[in-house]
Amino acid sequence: MGVTVRVQEEDFDPQAEQDALTADRTDVGAVATFTGLCRSEGESLSALELEHYPGMAESQIEAAATRAADRFTVDALLVIHRYGKIAPGERIVFVAATSRHRDAAFDACRYVMDYLKTDAPFWKKEHRVDGSEGGWVDAKDADDAAKERWE
Amino acid sequence: MGVTVRVQEEDFDPQAEQDALTADRTDVGAVATFTGLCRSEGESLSALELEHYPGMAESQIEAAATRAADRFTVDALLVIHRYGKIAPGERIVFVAATSRHRDAAFDACRYVMDYLKTDAPFWKKEHRVDGSEGGWVDAKDADDAAKERWE
Amino acid sequence: MAVKLLYFAWLRERIGVPEETVELPESVTDVTTLLDWLATRGEGYAYALESPEIVRVALDQQLVHQSAQIGEPREIALFPPMTGG
Amino acid sequence: MAVKLLYFAWLRERIGVPEETVELPESVTDVTTLLDWLATRGEGYAYALESPEIVRVALDQQLVHQSAQIGEPREIALFPPMTGG
């Protein structure tokens, strides 16, 4: 069981990352992935700017990923989270879980996403197409509720 | 909402398929995927040979995918299922669901996989490394149970 | 009534052919009587259908229960429980 | 005690600096008294901390409740509810 967490500004190649998890392995039956993309919110946004707390961002994601990997018996669990300015349609976050069976892979992937939303120190500032100052994206009650389903 | 189903012998490029679902879109926030790979079962298998019922395979997968897309409000749902001889480590099945939010994408992906297992007319014959005749992979009670959680 | 029968996986292997066109006798009205009749057609059929309760049947590609009436399908498929994905 | 304070997102914007090193007075013993004291340091601080109950606090990168004792951390971070993913 290997947990890998990367917090980085640059984009990445999800397929290459996923293939690396299963390279030379023939005991992995299931790979579940999640990709979070920046939305334009009805073409009103030109970008989201992600601020993060270096160090704590990595450790909080690692903590959630390690809990997920233990609880759901995955072979490998990879999380990549970007920061900086991200345009609509671009990748923000990627989670990939490999396992012998599909339930563990799905559960691990979803668990990590649910905890990321509320426990990873990132904040998103909106940049608007019309040049006006955008606000900070609010935390959602729905995200707290999503996390609670694992508790 | 678009449902696409392909049943084919040849391999495919999951990232290209996934990218096509979100190309020129800025309202998709979430992409969940599942890739099912052939396992060697402790290096005992040289291949799985997938037999299918042409026509019914497509229509059964389409029926499950259409139900999933309606129920979970996804933007696009793609299912690719291979047949023929597939070596350990190779892709057998791929499901990708896109949506504004992650829950719908995860649920749609998992729903399709759960129904595929029991409702899609495919059968898997084992080819053994030692040349002896392998058996047909049995249906699992666990797969019936997995399907029932949606009912 | 002439109808095309399709067999898959170990049903195909045991019966020995992937498909055939047969004339169904009057006695075949539902899936159960179909399987009973097929089992009498030879050793391979009897072996394939030794546990008829686990055989899945599709009429014109629609899965049906064993109590279903046969009606007038163009094709009838017999196969083991499905193992997709 | 000198300690490094870090501010993120709209707390950083309102306070006007991303980080600073301050000498904590004796009156600051837990998170609540820390926020009360910081709010007296100027207009930006008062604005940033006008709803102290929604401010999240991490001591040496560990999230803590508002009742937590401060102890002797190397850094204290203040930020709004997190919105990762």
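We just call them A, B, C and D in the order they show up, numbering each chain from 1.
One rule holds for everything that comes next: a residue touches a chain if its C-beta (ideal position, glycine included) is under 8 Å from a C-beta of that chain, and two chains touch if they have at least 3 such contacts.
Keep in mind the model is a prediction, meaning the values are calculated, not measured.
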Any chain in contact with chain A as well as chain D: none
Chain groups still in contact once chain A is set aside, others held in place: B, C | D
Gap in Å, rounded to a whole number, between the CA centres of chain D and chain B: 49
Inter-chain centre distance, chain B versus chain C - centres from mean C-alpha coordinates, in Å: 27
Distance from the mean Cα position of chain B to that of chain A, given in whole angstrom: 23
Overlap residues in chain B, where contacts from two or more other chains coincide: 36, 102, 113
Residues of chain D touching at least two other chains: 85
Parts of chain B lying in touch with chain C, wherever the complex brings them together: 36, 51, 53, 55-57, 59-61, 81, 92-93, 113, 116-125, 136-140, 143
Residue ranges of chain B touching chain A (in the complex, touch as defined): 13-15, 18, 22, 25-40, 42-43, 88-89, 100, 102-103, 105-106, 109-110, 113, 146
In the complex with chain A, residue positions of chain D that touch it: 6, 8-10, 12, 58, 61, 63, 77, 79-85
